[in-house]
Structures are given as structure tokens and as C-alpha cells.
Amino acid sequence: ACGGEDSGAEPEKLDASADLTKQSITVSNWAGYMPEDIADQFEKATGASLSATEHATNEEIMAKLTAGGDSGIDVAFVSGQYAQALNEAGLLEPIHEDLVPNLDNLYAQAGELAYDKGNHYSVPYTWGTTGICYRSDLVDPAPTSWNDILDPDPAYDGKITMLSTERWLALPAQKALGYSVNTTDDAELEAMKDKLVEAKKHLLGYDDTTFYEKLISGEAVMTEAWDGWCGYGMAENPDIKFVVPSEGSDLWTDTMVVLKGSENKEAAFAFVNMMLDPEMHAWVTNNVYYNVPNEAAAEFVPAELKQQFPQLDVTPEQLAENEGLIDLGEDSTKYTELTTDVTAS
Amino acid sequence: MFLGPGLAFTAVFVAVPVLLVLSYTVFDRGRFGGVEYDFTLDNFTRAFEPTFRKVLVSSLGIAAAATAIALAIGYPVAYAIAKLPERWRSLVLVLIVIPFWTNFLIRTYAWIVLLNTQGVLNDALVGLGLVDERIDLLYTRGAVVAGLVYVYLPLMILPIYASVARLERELPEASADLGGSRFATFVRVTFPLSLPGVVTGCIFVFVPSLGNFVVPELLGGGKTVMVGNLVRDQFLKARDWPFGATLALIMVVLLVALFALQSVVSRRFSVEAGR
Amino acid sequence: MTEPLLKVRGLSAHYGDVHALRGVDLDVGDNEFFALLGPSGCGKTTLLRSVAGFELPEEGSVELAGQDLLALPAHQRPVNMMFQSYALFPHLSVEKNVGYGPARAGLPKQEVAARVAAVIDTVGLTGLERRRPSQLSGGQRQRVALARAIVNQPRLLLLDEPLSALDRNVRAQMQLELKRLQHEVGIAFMVVTHDQEEALSMADRVAVMSDGQVQQVAAPQELYRNPANRFVAEFIGRSNIFEGVAASGGLAVAGAGTLPGQGEGRFLVVRPEDVTVSVRSSGSRGVLTGRVLETQFSGGTTTVAVTPGGVATVSGQPLLVTQPGFSTLQRGDEVDLSWSESVARIVA
Amino acid sequence: MTEPLLKVRGLSAHYGDVHALRGVDLDVGDNEFFALLGPSGCGKTTLLRSVAGFELPEEGSVELAGQDLLALPAHQRPVNMMFQSYALFPHLSVEKNVGYGPARAGLPKQEVAARVAAVIDTVGLTGLERRRPSQLSGGQRQRVALARAIVNQPRLLLLDEPLSALDRNVRAQMQLELKRLQHEVGIAFMVVTHDQEEALSMADRVAVMSDGQVQQVAAPQELYRNPANRFVAEFIGRSNIFEGVAASGGLAVAGAGTLPGQGEGRFLVVRPEDVTVSVRSSGSRGVLTGRVLETQFSGGTTTVAVTPGGVATVSGQPLLVTQPGFSTLQRGDEVDLSWSESVARIVA
Amino acid sequence: MRRSGLGFLWVALVGCLLFLYVPIATVVVTSFNSGKSALNIKGLSLRWYGELFDDPDLGHALLNSLTVAVGATVFSTVVGTMLAVGLVRFARSTVLDAFVMAPAILPDLMLAIGLLAFFTWLGLPLGLGTVTIAHAAFGTAFVVAVVRSRLVQLDGSLEEASQDLGAGWATTFVRITLPSVAPAVLAGALLAFTLSLDEFVIAFFTNGPDSPTLPIEIYSRVRFGVTPEINALASLLLLVSVVAVVAGAVAFRRTERER
């Protein structure tokens, strides 16, 4: 149904002066990842109407976008390596830089991301890393290494969760073993599998979505976590802390992409542009506690916030030290199988 | 005339879709999902690789355990209901059915609330001094089995009840009359004659248990994977439809074998046949 | 009768508010063919089930050959029952159905097999041993039910409406068969039926029940000839009944003078075949006069319905007269009716 | 009979391999009460349903008052049917059930109402107009079924086992009722039954069927007295039948000399009530001798079964003799049997 | 007079009812929690019921579910009733029966992936429309099952009687057949409706992104954590089903008595 061969074709001509009031778009995003009144704001700003839908995971939105039928979606929020895959599948509209002047607000590092150097088909929305989110009052000493959750002190048995999405499920083992986050080497994958199978015995469960609640309730004391979501826990309980283990971690990026199938691309780019508006973009940091790659937005983030959520107190340089995730093409099934092997063990 | 629209509808929206997706089992997956129409039997080879074989076996185990427990609970309960005086019978039946008319997800969710380490059951266990420390009840294989038993138990009770209730009062009496003790009567008359209900109940529990993905996901904490999860993941995550279809086909083949067994048993033991 | 086999005394039973048995007394002799006859709901089944052990009566006693039956649970009582619906085990073959009792009694396999074979032969089912009940005709099923009950050599066999599931023709044949078998196996039979013809033609003695009580126990001819009361007279056979007061040589009935009859009570019973009917000729004079309403031929006999003059039967129905063969009487004929004192009974 | 109302000629019908009707010829007169009698499966229902229009026979003709019925679909035939199960519409009141036909015929509402009221009155259901069938007794339902059929004023009313759903007692009463109503409404009735007593007591004429063919059509007494063949003789009433060859004054039967009788054929039929039985005294000599096997009293008459000496009936069963009242005969008595030439028929 | 000797079976019965109701009761009780956790009770309040009513997403989801259920029920009832009549009166065949009943017997997941593949293959946009078709597919089978079993019991001579009384084929269907099976048609419709309202798996696969049905909404919420708002929703749904079941039972008893 789909192929990557036309990804390099000439971009469609778009009319910068199109009448947006006649256009409407559907945007699919993670729940709570943008202001609730976004539709009103968008209509006020551009005159176009917007309907927002939600997806819970990258896989869910990918399934919808690649199913072959008309997904009905104009703009989707997906993580970087998925944007890369969508592009290879020929589903993405190249970014029309002339319609997104706010691209200039981004940090230089945001143009150097491994999955899409130069942001040809995706625009970074948030970025961050993955680490351990834990209860400092219940864990002593504080975790510093991925091995602290992979092979924990027996006292923490059954009180640890890990992320279940393929690449992040693999991450702790990858880093603990010193491999690339994008490795496709069979021997390395085998070693990771053994380590992860071993680690599974100590887990309470795999959890992508509610790990911070488990920390708050005390069901869990250490969780593999994305930096921003750990913030949800911190906001409720100051004893919750975030640490990036010494072995290092990944650099993930959530991006905005415009679908080739969109019938209102002018409005779609207008939306992308609006999201890069400094004040708008700072909303994400202030409310969702994720870092945004937007230099101009920095001034709208209060200093106290960085104290409460230390993971927000990082520079683009520091973030960029981590290895960026990219799509692995045909080899991505290796991670699917790794995940099945581990979870079904 | 009467049949036309319905048959056409069923053909188009049931037969064709099922055949379509089953035809995918002999094709390759596309790089970005979808199907490449190159004939291959790889999907079947893969389905029996250790990982997937293990999932198949463990799903069968979980579904079988849930079925066995549901039977162990359901049989005495169905039998008791059949023995209740008339006016209590319908009330109890309604009580058994009410949870079943409650949303399936909510019934599953109820067990999260119940089994949590910080939940009611742990509160009770600690409070009663039965355990020193809160124990892990949720996110275990046991929790998955318990959840399946819980959501499908009425489907076990109702058919068994129907077959026990239909059993004429006179047959057990005839057994007693001929010298059969209560135990002999149960083993030799009541139970064999309720077998069609038992088999139907087992199928009603086993089929949806085997294909379930919500209960293992919510109560198994992602640590317990069943065929249903694999099929769902192949379709909605890994985008490998041919392989997902293959797993589903294997599941359906197993179930068809069960149905065949059921029709044999009902034919042998049905009470009507004795009339 | 010497010492009876079954002795029922003062048996009473309730279902909630319903008083199903009200002090039943009854004796059944060894080797006797005994029938319980009565209208629907009179308590026949309840009585039988109480003897079998499926109902627990509140009062009274049931003894079998001197043993207190009520103290035993159903499966230990030395009586067997043949159920109305036969209650054959649908999942077992004929052989297994018949062998069920002996097997439960713990007999060795070989003896079970031998007994089963013998009984199957007695009831004429040889060759059908492996069939399931569903593969048998109604008559064959009945025989399996009988075989299953008698193979246990009970002292008393209880049969609840054993023939009611059969259609009329098969039924007549089965009645004979049942009687033959009872002779052959020499077990006392206690049969429930609500079909009087069946009871009268099969049983040695009949208990007529109504409303939870036994009205009369007697041999069939005795019941017919000497009904104990109006209920029995009406229930057994067809009868013409008049109400009146005692008078010498009969019963004084308003509008008819004294009707001839013997006995004591308010009701006079005369059977249709005991009434003579003849076309009124100027000279003749019968017990009553009347006018022919209808004649009905039913193969072998003709029943003449007569509206009696000046008097009514208790049922308000016409008076019935049965004649062998055909009747030459026509609707509207004026007739004389007569009977002799000795054939009419006066009862309570 | 002048020109018949219903004329059936050469009617044949199959269900797959089953030959249900094999060339049936039949006439039913205006205003006649006609019964179809025969054993189960002989084709009675098929014949009735062919007339009603629910079966389409392959051969033959059915005419009603000269009109070819087979050319019309069921709902246009001027006959009505009363179904065995009554087939009352459970969701409609008595009134609506009865009015269903007139309403379909497009009669004005007022006329429908008037007709319905009249018929409801005829069958004695006044006051029950608003009830649903479920709120009626068996007898009342039957009357509704009848009312619903006759309100359409059909020329011919077909009734399939109209009484078989009733229990024995109600049944006798309903037979009388049905006959009375037929008189009253003056419609020809064609009734199917497999109960000979019912057929004989109700019908003006009876057709005896077997195996898809009509064996004899005659008035009840004629059927009983002059059966056309052995089948009819055996089927109607009880009979003693011997096989032999024609001889003067009777039938020569092996081992018994010539048995008295009239007619032509191989079988001699004598009815139980036509046989005289007496204890053998040295001097007397009957037609046959025998030994009493059993006596069975059944309220009003006694049947004596006698094993005849030196000869057997065609059925191999004992010879039956019916006597009014009781018999003083005992099992084992040696008896003489006799009958007169005029009461015994020789048939094919 | 007769013994009811349930013996130890009482224990089984009561134990089973506890097993069925304790989890549900837990959900109901915690729905009144004033605190933010569904797990430990801080105090009693109706706070979460308030939040529930202020939550437009749940309202939309409920509306979506009702839309689907009504559409699927209307279709299933009409087509299913016709099918049942056809199967019983005109074309008795076990093969056809099995074919028509298949969607009720097939595992949900099988039907779900089949329809997903099929809709995708046709290029139909996934949404409430496709969910409605999917729900009509199994709803029809359930309506057939219910109506058919009634029709089989229905005395076939009713229809013949109607013809005998002068009604043609169509009149007979409208005036006799349909009214006679009306309770079954209603029961079938109710069944199709409730099954559709509750259905998750098939809807999950055949729905598009922007109009979740109530079960889908519940699913995504449950996955995103345990909050008393869900408990409040669950309690209300439970109340609705209890009322529906009780009302249904009462109505059923009343119609039974009329028969």
C-alpha cells in the first residue's frame, strides 16, 4: 500500500495566502501534551478550525497512519524515529519552511537531530532523555546506575517498573552493557535479552503511562521513566527524584509531522508554526515539565520551576551528549522480537 | 426474499473479511505495514518458534486454568441454584447476571482496585495479621487468571445451570430408587447428564480467555503475554498483519477443535435424545 | 388377607398449604395387583412417592413386611418404582439401565450380567441390549423401565401412571402385558392411574381416592356393584343417581314416588345396563317414564339418553340406558324405564 | 345422495418417496357430518390439507360444488379448517380471532362485528370476547377455533383431530357439542380422527382409510355390521375372525367344520357381543367349544377370553365374547360357543 | 414437605456471590473518596461525580456509543428478524444456520482483525460508521438466535390458519408472524443494543482516531491510571445495568404471566 520511493519528489506547491477560514485540520497528540483550548487559540490566530484527538502511544498513532486507509489526520505528534519511518513510507509532507517562520526560534542543536538532520520532514516539539524516577525517601542509597533497576537490592524486589515500548524497554540493558541505543548487532541483542529476562524477575510490571502514580502510592520505588513524566510525580510528592544513570542514556524527541494526505496543508503548517511560538511552547515546559528545543521560549520558563524539577535545568549541549534514537528500518523487527522474548519469558 | 439482505450482509462483512485476513497468513508483511503479496509459509514457521510457541502454550495454560477454576466454582453454584426453591432461583440468577451486564473493562479494573499492594485486599490481609508485609497480588499470572475467572464466571454458571435444571427431577430419583446413594447418583447420573452444559460453559469461558488481551495487560502488568496480546500487537504495534493473522488462525483452529469435541459430547449425553 | 405386605396407617402430607394426604390407611397383600384410582390432584402420586421415599410425610406410618419404611432413605428401601415418564437414563444403554440397580447393590459383575440378561429376556427385549433409550419405541421403553425396576427383586413395585404416555391402542396391549408380567415375576404391584377402565380391568383390588383420602378399597366388581358412597358411584362407571329419602323397598324421590333399590343413604345408584327401556304401550308402566333424547351407537352397544318425566338425576343430565347391539328407538319416543330392586344401590 | 358438495377423484400425493395418497375417491354431501378414520400415517391429514390447499397433490381432482379447488390458493378456497392445535392467534382477543376471516374478506366493520357477535353467541362464548386464548380453558379454546372457522360461512369445514388435545372426560362432552353445532350451523363437516369410537358416534358417514387408500365409506352401523373387508372388520370394533373357504351356510374352517355366516370371501367375522357362551353341559353343543382363559370386567360389561378348541383366529388371539353385567364363568371352564348365521359376515 | 438439602452448596453459593460483588463494591465505595486516589480512602464526598459530569470527553464517548448502538441495533433487528424467518420457514439448513451464527461464535479478536483488514483494503475511513457496521455484524447473529428460537417454537399452523381464513402471504407475515414473535424481536434488539454498548475489542480495532466509544474511552483512562472518576463512572453504569436488569426481569415476568 505504501512505499518510500516518492519521498524525494518535488514538494507540492502551497499557497501562502490561502484563506484559512475555509480550512480545518485534525491533530492527533498525546493526552495533555498541549493546551486544552488549543482549538480556540488556533481559530483566533488563523481563522482555521481544529479538532484534536488523542493517542496513547507511538505505536497506536503509527498503526492508524500506516493502515492504508484515509486516517483523517493532518498533523501528528510522534517521536523522532517514528517520524523517520513515516517519511520513508512516503507519508509525510516536507516541511515548507516559508510557512513556518517560527523555526528560527529553535536551538541550533535542534537542527542536528540524528533521525532528521535539518528538520526536512519533522519539527521537534519536545526533547529529553530517559532515566530513573525514584522515591528518595524509600531508596537508599539513591540509584546511579541502570544496574540499580536491572539487578536491584533484594529489598526493592517487586517495586520496580520499566518502560514497555520496544526501544525504551531495551535501553537500560543497552546502556548498562555499553552498547549504542541504535544497535542492531545480533550478539549484542542476545546479551541484552539475557539481561532483561533476568531483570524481569524483579519487576512489579512494565508501565509506560502510570509509573509515577505507582511511585506516589508507594507500589513502586524505582521506575524507568522519561524525564518529563517523572515531573508529574515530583509535582505530587517532593520525595520523588529523577536521575540519569552514569552509563548515559538516549536523546528522544517528540516531533510534529504533516501528513501528505492532508487536504489543508496551509492550516497544518500554520498550526506547526503556532506551536513554535515562544509563549505557546513554554506552556509545555511549565505544565508538562518537558524541555522544549525553543531558545526563544526559555525566558517564559520561571526559574523556580527549574529548582523544583532539576531535569529542566539542562542545556541543549548537555542533552545533545546523549545518543539520538533513529529508526532502524528492516532491523526494527529485531526489537519487536526482543520485546516479545522478554515479556513472554 | 427474507434471506437475501441478511445473507449478503453476513457474506460481505463477516465471511469476506475473515477469509481476507486469513489469506494474509501466506503472505509477507510490508516494510511499513500492510501486506506484500508474495507467497510464503514463514509466518507458520515463525509461529512455532520457541518464543511464540511458549506464548501459545502459556496462553492455553492460563485459559485452561481460568476455565478449570471457573468450572470448580461454577458447577457447585449452578447445581445449588437449580436446587433452590423456585422463587429464590430467579433472584439468584439475576444476581449472577448483573455483574455480567457491567462493562467488562470496569470489572477488570475493579481487580486493580482490589488487588493493589495498597489496595483493599492487602489492607485486609495486613489488618487481620495474616501477612506481615503487603504482598504482590496484582501484576501476576494469578491476577490474570483471577480476572479471567471473574469476568467470565457467569458464562460458566448459566449453561451448567440450564442443563442441571432441565434434568428431570425423576432421573436422580430413579437412581435413588434403584439404590444409588447421593454420591453415586451425582457421579453416574447428574454429572454425566449435565456434561453438555459443562462443555458449553467451558467453551464460553475458554474462547474469550484465550483471545483476551485486556486482562493480561491491565492485571498482568505487561509481564504476562497471551496470544491475544500478540495478535493485537502484530496488528496495532508491530504492523505485521500476516503474522498476526497467522497467530489468530492458530487460535481459531484450536477453538474449532474444541467445538468439535463439544458437539460430540452433547450428542452423546443430551437429555432430549433420551426422549 | 393374612398379614399384609404393605401397611399404611394415618398417612398425612402437606406441600406448603396444600393438604395432599389426609390420613390414608391402606393394606397391600403379597403378590397383589393393587391400583390407586382417583381424579387428578387427589394425592395418588404423593402416596406412591411417600412409599418410595421421595416425599417425607409428617404423620402416619408405612411398614413393609413389618419394617418401618419411613426411617429409611429412598435408596435403601426395598421397593422400586416405575416412573410415569419412565425416567430412563438417556446416556446409558438398555443393558446399563437395567443393570444400574444391581451394580449399585454391589453385586459381582457376572451376576449383574446374568440377572440383567434374564430380566431382559422376561420382558422380551433380547437383542436390544446395546440400544440407547432414544433408539426405542414407546412400548419398548416401557419394558426397559419395568425391567429396570423388577431386576432388583423388590417386594413391592410402584408404578405411577405406567401407561399414560402411550397411545390408546398400544395401551390396551400393554395392560395385558403388565398383568402377565406381574403374574410371572410374582411381585406385588401398586399402580397409580386416573383411568378407571384401566384400574378395573387390571387390578385385583382398587383403592378409590379423592381429596387426599381413601374412599373405598375393594375388588373391581365390588366397587362397581357396591359403591361405598356417591363419589365412588359417580367415579366408577357410568351411573344414574337420584337423591331422596329412605322408604321401604327403595328411595322416595320427589316427583317419582319410591324408586326401587337396596341399602342405606340419600342416593340411589342404578347402572345404565341395569335399566330396561321399552316404547310406552298403553298398558305397560315402568318405574319411570321418559322421552328419548338421543341414541349413540359405539360399536357393540348403543347408549340411549332419556329425559325422565317429572324427576331429575343429581347431575341434571339425562338418564342413560345401555343396550347391547342396536336400538330401534328414535329421538322423541315416549318410553317406560324400569329396573329391579336388587340391582340398584342406595348409598350415602 | 344427489349431487355431492365435495367430489374427490383419483387424488394422489407424495412426500419425496412416501406415497401418502394413492388415488382417493370420495364424496361428501351437503350438510353431512363426514369422518375420515384410519391408523396413524394412513394419509388422513394429507387428504384434509389437500382440500384446504396446504398440500398440492400431483394427480386427481377436488371439486367443491362444481368448482375446481386445486386451481385456487389456500386463502381463496371457500373451505375453512379447524386445526388440531387450534392455532388460535395468541396475541389477539377472542373477538379479533373470530373476526380475522371476515376482516380479511373486506367486510365493513359493523358487519364484521355483527357476524362475530352472532357466532360467539352460537358457540356459547358470550362474555369472553375480550379474553386472550391463554386465558381460556381447553374447551373454550376449541369453541373459539370452531367459531373462527364457521364465521366465514364456508361450504365445508375441515377438522383435523379436533378433540385429540382434550382429555378423555372433556372429550366425550365436546363430541356431543360438536355434533349439536354442526346441526345448528348446517355446514358440512369433514373430521379427521384415528379414534374409532369418536368417528362412529359422531359421523353420518365414515371413510375408513389405510395406506393412502379408502377402504370403505359407509354409515357407522353399516361399517360395523357389514365391513367391506378384513381390514375394516379388524379396525372397527373388536371382532373374532377366522380364515377358510366358502361353504354352504357359512365358511369351512380347518378343524372346526363349517362356521355359520353370510357373504363372500375368505374371512368370517363375528362380533364379541354376538357370540353366546355357556358352560358345557353334556348335552349341549355350540358352533365351537373352548376353555375360558380370562374374564375382564370393565364397568357395565364383562369380556370373556376363550381359547377355542382345534381352531385359531387369524390374529392368533383368544376368541372374545362380551356379556352384559358380570359373568359367572371362571378361568378354566369348558364352554360352548355359538352364534347365528345372520350376525356373522364373510368378507374378502 | 420435601427436603431442600443444599448442604455445603450454600457455602459455594454465598462464596460465589461474594466473589462477584466484593470487587464491584470496592469500586463503588472508593468512588465516594474525597481524595485523589482510588486506592486509599481519605473521606467521603461526591466530588468525583461532579467531575464526571463536567467531563465533556466522557459525554462525547457516551454519545458515540449510543449512536453506534442505535444504528447497529436498528439494522440488526430488521435484518436479523428477516433472516430468522427465512431460516425457519423457507430454508432449513444447518450450513446456513452456522453461517449466519458465525459472528456470534467467532472470537471477537478474529472478527476485529478481519474487519480492520477489510475496511482498510476497501479504503473506508475508520470511524463510527465502520464500528456500526462491525457491531451490526454480530448483533444480527444474536437477533437471529433469539428470534429463531421463538419461531421454532411457534406453531406453524398459525400461519396456515391465517391463510385458511383468507389472508395472503404478506398479510400473514404482518398480522400473525411478526406479532407472535414480537417479544423475541424486542429481546433480540435489547441484546444487540447492550452488547454493542459494552463491546470493546471490535470497536478498538475498527474505530478511527477521533470518536472513541465509551469502552474505548474507559480503556484509555484505565491505562492512564486509577482515579476515582472512573469509579464514579463505573458506579453509575452499574446502577444503570441493575435498573435495566431489574426492569427487564419485571417486564419479562409480566409478559410470561400473560401467556
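Letters are used for the chains, namely A, B, C, D and E, taken in the order the chains are written, and counting of residues starts over at 1 for each.
Here is the rule we use: a contact is a pair of C-beta atoms (placed from the backbone, for glycine too) under 8 Å apart; a residue touches a chain by one contact, two chains touch by 3 or more.
Remember, it's a predicted structure, so these values are computed and weren't measured experimentally.
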(message) Which chains sit in contact with both members of the pair chain B and chain D?
(response) C, E
(message) From the C-alpha centres, identify the chain that is farthest from chain B.
(response) D
(message) Count the C-beta contact pairs for D-E and for B-C, then tell me which is higher.
(response) B-C
(message) On a C-alpha centroid basis, what's the spacing between chain B and chain C, in Å?
(response) 55
(request) Could you put a whole-Å number on the gap between the CA centroids of chain C and chain D? (result) 28
(request) Can you check how far apart chain A and chain B are, centre to centre, with Cα atoms defining each centre and the answer in Å? (result) 37
(message) Based only on mean CA positions, could you tell me how far chain B sits from chain E in angstrom?
(response) 18
(request) Pull out every residue in chain B that's touching 2 or more other chains. (result) 116, 118, 235-236
(request) Check each residue of chain C and list the ones that touch at least two other chains. (result) 54
(message) If a residue has to touch 2 or more other chains to count, which residues of chain A qualify?
(response) 67-68, 217
(message) Which stretch or stretches of chain A touch chain E in the complex?
(response) 26, 28, 31, 51, 53-56, 61, 64, 67-73, 209-210, 213, 217
(message) Which residues of chain B touch chain E once you look at their complex with the stated criterion?
(response) 1-3, 5-7, 9-10, 13-18, 20-22, 24, 73-74, 76-77, 79-81, 83-85, 90, 92, 94-99, 101-114, 116, 118-120, 150, 153, 157, 207-208, 210-211, 213-214, 217-218, 228, 231-232, 235-236, 241, 244-245, 248, 251-252, 255, 259
(message) Taking the touch rule as given, give the residues of chain E at its contact with chain D in the complex, in rising order.
(response) 155, 157-158, 160-168, 171, 175-176, 179-180, 182, 258-259
(request) Sort out for me which residues of chain C touch chain B in the complex. (result) 52-54, 73-76, 79-81, 83-85, 87-91, 100-101, 104-105, 132-134, 148-149, 152
(request) Name, in rising order, each residue of chain E that touches chain A in their complex. (result) 37, 39-40, 116, 119-127, 208-210, 220, 223-226
